[in-house]
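Right, I'll just put the structure down here and ask away after.
For reference, chains read A, B, C and D in written order, and residue numbers begin at 1 within each chain.
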Amino acid sequence: MIKRIGVFTSGGDAPGMNAAIRAVVRTAIYNNLAVTGIYHGYQGMIEGSFIEMSRRSVSSIIQKGGTILKSARCLEFKTKEGRQAAYDNIKAQGIDALVAIGGDGTFTGANLFSQEFDIPVMCIPGTIDNDLYGTDYTLGYDTANNTVIEAIDKIRDTASSHSRVFFVEVMGRDSGCIALNAGVGGGAESILLPEVNSGIDTLIEELELAEARQKTSMIVIIAEGDKNGGAYNVAKIVKDKINHLDIKVSILGHLQRGGSPSSFDRVLATRMGYTAVNELIKGNSRATVGMRGTKMVITPLEEALNNKEFKLDDELLEIANIMNK
Amino acid sequence: MIKRIGVFTSGGDAPGMNAAIRAVVRTAIYNNLAVTGIYHGYQGMIEGSFIEMSRRSVSSIIQKGGTILKSARCLEFKTKEGRQAAYDNIKAQGIDALVAIGGDGTFTGANLFSQEFDIPVMCIPGTIDNDLYGTDYTLGYDTANNTVIEAIDKIRDTASSHSRVFFVEVMGRDSGCIALNAGVGGGAESILLPEVNSGIDTLIEELELAEARQKTSMIVIIAEGDKNGGAYNVAKIVKDKINHLDIKVSILGHLQRGGSPSSFDRVLATRMGYTAVNELIKGNSRATVGMRGTKMVITPLEEALNNKEFKLDDELLEIANIMNK
Amino acid sequence: MIKRIGVFTSGGDAPGMNAAIRAVVRTAIYNNLAVTGIYHGYQGMIEGSFIEMSRRSVSSIIQKGGTILKSARCLEFKTKEGRQAAYDNIKAQGIDALVAIGGDGTFTGANLFSQEFDIPVMCIPGTIDNDLYGTDYTLGYDTANNTVIEAIDKIRDTASSHSRVFFVEVMGRDSGCIALNAGVGGGAESILLPEVNSGIDTLIEELELAEARQKTSMIVIIAEGDKNGGAYNVAKIVKDKINHLDIKVSILGHLQRGGSPSSFDRVLATRMGYTAVNELIKGNSRATVGMRGTKMVITPLEEALNNKEFKLDDELLEIANIMNK
Amino acid sequence: MIKRIGVFTSGGDAPGMNAAIRAVVRTAIYNNLAVTGIYHGYQGMIEGSFIEMSRRSVSSIIQKGGTILKSARCLEFKTKEGRQAAYDNIKAQGIDALVAIGGDGTFTGANLFSQEFDIPVMCIPGTIDNDLYGTDYTLGYDTANNTVIEAIDKIRDTASSHSRVFFVEVMGRDSGCIALNAGVGGGAESILLPEVNSGIDTLIEELELAEARQKTSMIVIIAEGDKNGGAYNVAKIVKDKINHLDIKVSILGHLQRGGSPSSFDRVLATRMGYTAVNELIKGNSRATVGMRGTKMVITPLEEALNNKEFKLDDELLEIANIMNK
C-alpha cells in the first residue's frame, strides 16, 4: 500500500503546473498519504533535492505561473546509472509512488523508470503545446492561447494604424495547435503550421487576396516549427515577392510560457492532480490522466507514447480559411 | 433553397456573441448567401430593425465583448400577433432562415417561431451561465470564469492583508457553474450553489475548520441563485454566529458579462457560427449547435428544451471540498 | 546613529505596499542597516509580532498586491498604554527608526509616537484614495484607477448591448479622485463626487441630455462618499423620475484594493522606499515622502496632517463635463 | 478667428492617441468649432484624405489602442512642394488651425508648416518613448510600461522555473525610459540603456554577483538602442564569458505599441486634447502641450525641438543598482 507520493515537474514549464501540484498534495494528504516534493524533475531525484509537502506549502500557488518545484531537462536520467541513483534516493525518502507532471520526454522517462524499478507512476500532461495523446487539452495550453490572443490584439492596433503586415511567430515546434487557435481567435489573414505543408505560394495568394479586398493591415501567424524557416525568413521571402508591403516581424517567445493560469487551466489542473492520486490509490500505474469532453480519463503510458494525436481539427483548418477569405 | 439568413442575439449578452455573428456572416457569404443583421433580437424583428451585413461589417469585432446587434428581452414576441408581425417583417426582407444566438428563452422563441411559420432556424448557445443542454460549454462561460477568477485573485490580496473573510457573489440564478469553477479555480474556502442544498450550517463548519487550521483570510463564493438569500444575507447570518470574523461582501455583478472574449470563447463562437450556417444549408432546422469534447454536435431544440443538463460535475463538487479541507 | 529600521504597513492596504517594503529593506541593507518587519502595523508592535528581513525575504514581492507584512487598524495604539507597550517591544528588538506605510491614520499615529518616544519615523503615503497632502500621487492609486477603468470597459459592453444605464460605485469615502479619473477615463456620462455638491437634479439633466443625443447606454460613476446616499439610492431616485430607463447598479467594492501593482506604482513605491530610508540616515524624521512632478519631496508630518490637499483638478472637473456634453 | 480645426496623428502610434482625438473633437465642438479628421498624418494632407468629425464619430474610442485616423511617415512633406499641396488641400477644406499628435518628426513638420503658411498649430506629445521635451510624460508611455511589466512578470515565471537568464529587449531607440522603468518595476538584475555607457563588463559583474547571491534566475533588460548591439548580440557575448548560464532572448517588439490605454494615458490624453484646442482658441500657436506635475503646461515648439530632456532620473538609475545589488 502506498504511503508516500513523490511529485515533480519536468520538461518545459506550463501555467497550471502549480495548481496540479497543489491538488496532488491536498488529495494525498486528505487520503492520509504523505507527499514529498522533488525539485528540478528527474535531476532532483538524482541529486536528492527533496522537500516535505504540507497543505500549507501549497497555499496561494494556484494562481501562480511556472512551477514552485522547478523544472529541468536531465540527460543523466537517460542512463541506467542515473535512474538507479534516482531510485535509491527516492527509496531512501520512503517515496513509493510518483506523480510526474510534464510532456512527452517526462512520460517516456516515467514509463521506463516505473518498469525498471516497479514503482507506480501516474502522469499529468503539462505543456502549452497541447501535443500529447490521451487528453483533449494539456495543462497550460488554454493560458498560452489567451496570452497569444492578447498579444495579437495589441499588435493589430499598431498594424492597423500603420497599414502594416505583421508576421507573428508563436510557440509550437511540432504542434500547430497554438498557431491555429491564435489564427482563428486573433482573426489572422494567414496561418503557417508545421502539420500542413501549405508553402509560401498559398501565403502570397492569401495576402494578395486580402489586398484585393482593400485590407490594409494583416496578421500572419507562423508556428515555430513551420517548415518555411521561421518568421524572419518567411517575411524576407514575402517582401521579395510583394515589395510594397510594410512588413514587421514579432517573435512572441517565452512570455507564452508564463502568466497566471486561466480559470480553465486551474480547474483542469486541480481535477488532474486529484485524479492522478486517486488512480495511484486504486492501484493504477504507468498511465496518464486526461480530459475527454468534460470527464477525466486514463490512458496507459504505452498507448499514449505510441500514438500521435492529430489535434488540429480538420474543420477548424477549413474554418480558418473561410473566415479570412 | 436558402438565399438570405437573418442573424440576431437575444437575452442576456455574453462575450463571444460578436465572434459568432462574424462567423455566421462570413460563412454565409462564402457560401453565396446574403445576411441580414436583426437588431435587438425578437424586438427588432417586430419593429423592423434590420441591417445588411457584409464581410467588412464584421471586421474587428471578434475581440469585442457585448453584441454589435444589441440584445433585448421581448414580451411582445410571446403573443401570436407579435410573432406574426416579426414574420411579416423578415419575409419582406427576404430572410428565409435564421440563426439565433442566446439562451433558454431565445431557444423557446426560436422553436415556436420556426414551427408556426415553417422557417428554418438554428440556435447558438450564448450565455455566461453554461446552463443549456446540448453542449459542454456555452459561449461566454469561459470568459466569465476568467473575469471572476481575476476578481477573486484581487480580493484575496486584500483579504489576506487584513485577515478578512469575503463573501463574493457571482452570477448564476439557476446555475452554479460559475460559482463552482470560481470556487475551485480561486481556491475558495467554501462555495454555495443553487443546485446543492448545503445550508448555512455546513458553511459555518467549513469556516470554523479553516480557522482551526489557522487560516486567517477566507473566500466564500455564493452563486446569485443560492437558496440562503444572497451574499449580504449569508454574511449577516454568519456574522451573528461567529462574530469575531471581519466579514466583507462583494457582489461582482454585471462586469461578469463583459470584456473581450477569451481565446476559448472566440474559437468556440467561430466554430458554432460556421456550423449553424452549414446546418441550415444542409437543410437542418430547429436545432442547436453545441460542442461535445472537441467536436461540434447538433441537438434538436425540442430535446434541448426538454432536458436540463446537470453541469455540475459530481466529482468537481467533491474536489472542491477536498481542496479546502 | 540608526542601526535597525522597523518597517510596517497600516490602515487599508494598497497595491505597491510590497514594492515599498522591498525598497525599504534593500536600501537599508545596502547601507548596512538591519531591518525588522512588523506585522499588522501598530497592532503588531503592541503584540510583538516581528520578523527579521533580508534581501531574500523581499524577493519576488514587487509584483504582488496586498502587503506581506499584513495590515490592521489598531484602537489600542490610540491609548498611551498601547503606545508604551509598542515602544517597549520595538526597543527590545533594537529598532531605532521606523518607516510607516499607510494613510492618514497611520501618519497621525506615527507623528504622535515619534514625538512621545523621540524615535525617528518616515512615512510613505499608501492608499488607493490619493487623499494625502504632500504628494501628487499616493501608492496604489494608479493601480486602482486601472482596475476601475477595466471594470467600466466591461460594464459598458453589456450596457451598450442592452441599452442600459449603469450606476457604478467606486471607492472614495472622502475623496472623489478615483471617481473623477474613472469618469474621465471611462467616458462616463455623469460623475457624482463627495467634494462637489452637484445634486441629483444635475444628474437627471445630464441623463436627459444624453438621451436627447440618442445615447442609449450610459455610465454614471458614483464615489462611495457621495452625499446622495450611494449608488443604490441614487438609482432609485433616478428610476422614480425617468422610469423608462433600464437601470442597473454595480458596486465595485474591494477588488479595487487588490491586484498586481501597475508599472507606475511599482516604480513610485521603489523610489519612496529608497527615499524614506535615506532621509532617516540623513537624520530626518516626522516627515512623509512624496512625489511632486517627477521628483521626490519631503513634507513634515505636522504640515501634511494639517493640510487637506484638494486633489480634484478644477480643470479636470470642467473637462469631464465637456467630454460628455 | 478659427472656425475649423484639423486633427491628425503622425509617426509611430501610441496608446492614448484615440483618447486625444476624442478630446480635441469634443472640446472643439463644445466651443462651436468644426473639426476635420486628417488620415495618415501629413500624407493624408497631401493626398486629401479627410473626414468630418462629430461628437458621435469619437464615441467608444477612448479605450482603443492605435489611432482611428491612422498614421504614417511622409517623405513628401519634407519638400516644399509637398507642404504646398498639403496647405492647398487643408485650405480647400476650410481648416484654419491644426492639432498634431505625434513625436519629434511630427513636431518638426508642424513647426515648419506653421511658419511657412502662417497657420496655427498646437502639438500633443504622443509616443511610447517618453523622449520629448516639455512634458513629464508622453502619451502612451504609461501603457507601454504596463505592457512591458506584464511581459516581464510572465517571463520571470518561466525563468524562475528553469533557472534561466533572460535578455529582454524593450523599445527605445534613443531613450532608455521604458528600459529603466521596466528594470525597476520588473525587478531586473541588470539594465542596459542607450544613455548610459555601462558596457558589457558591468553586466558580467552584475550577473556574477547575482550568482554569488545564489540567484538562479535573472532578467536583463536591454533597450533597443543600447550600444552593445542588441539583445541577441549581448546574449552571445555573455554566453561566451559565463558559459554555464542557460540564456534565452526575448524581443518584446511591437506589442509594446498597442493595447487599450491605461487610466493614466486616457486622462492625460483627454487633458492634452482639451488644452490644445483651448490654446488655439486663445490664439496660441507653434507650441506643444505637456504635463508638469499635475498641471498642463505649454512650451513653444522652437524650445521643445531645441532641447533634449534627459528623462532618466539619476536617482532612479542609482535605485536600480541598489535594488539588485
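Basically, a contact is a pair of C-beta atoms (placed from the backbone, for glycine too) under 8 Å apart; a residue touches a chain by one contact, two chains touch by 3 or more.
Everything numeric in this text was worked out from a predicted model, so none of it was measured.
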Practice item. Since chain A and chain B are copies that touch, just let me know if over half of their interface numbering is common to both, same, or not, different. Key: same
**Study point:** Where chain A and chain B are represented by their mean Cα positions, the distance between them in whole Å
**Key:** 28
Exercise for review: State, to the nearest whole Å, the distance from the C-alpha centre of chain B to the C-alpha centre of chain D.
Suggested key: 39
Study note, to complete from the structure: Where chain A touches two or more other chains simultaneously, the residues are 153, 156, 160
Exercise for review: Could you tell me which shape the graph of touching chains takes: line, ring, star, complete or other?
Suggested key: ring
Check your understanding: What chain-chain pairs meet the touch criterion?
Key -> A-B, A-D, B-C, C-D
Practice item. Spell out the residues on chain C that touch chain B in their complex, using ranges where they run on. Key: 9, 13, 15, 17, 64-67, 70-72, 147, 151, 153-163, 166, 248-259
Study note, to complete from the structure: Interface with chain B, chain A side, in the complex: residues 22-23, 26-27, 30, 55, 60, 62-63, 136, 142, 145-146, 148-149, 153, 156, 160, 181-182, 184-187, 213, 260, 262-264, 266-267, 270-271, 274, 292-296, 313, 315-316, 319, 322-323, 325
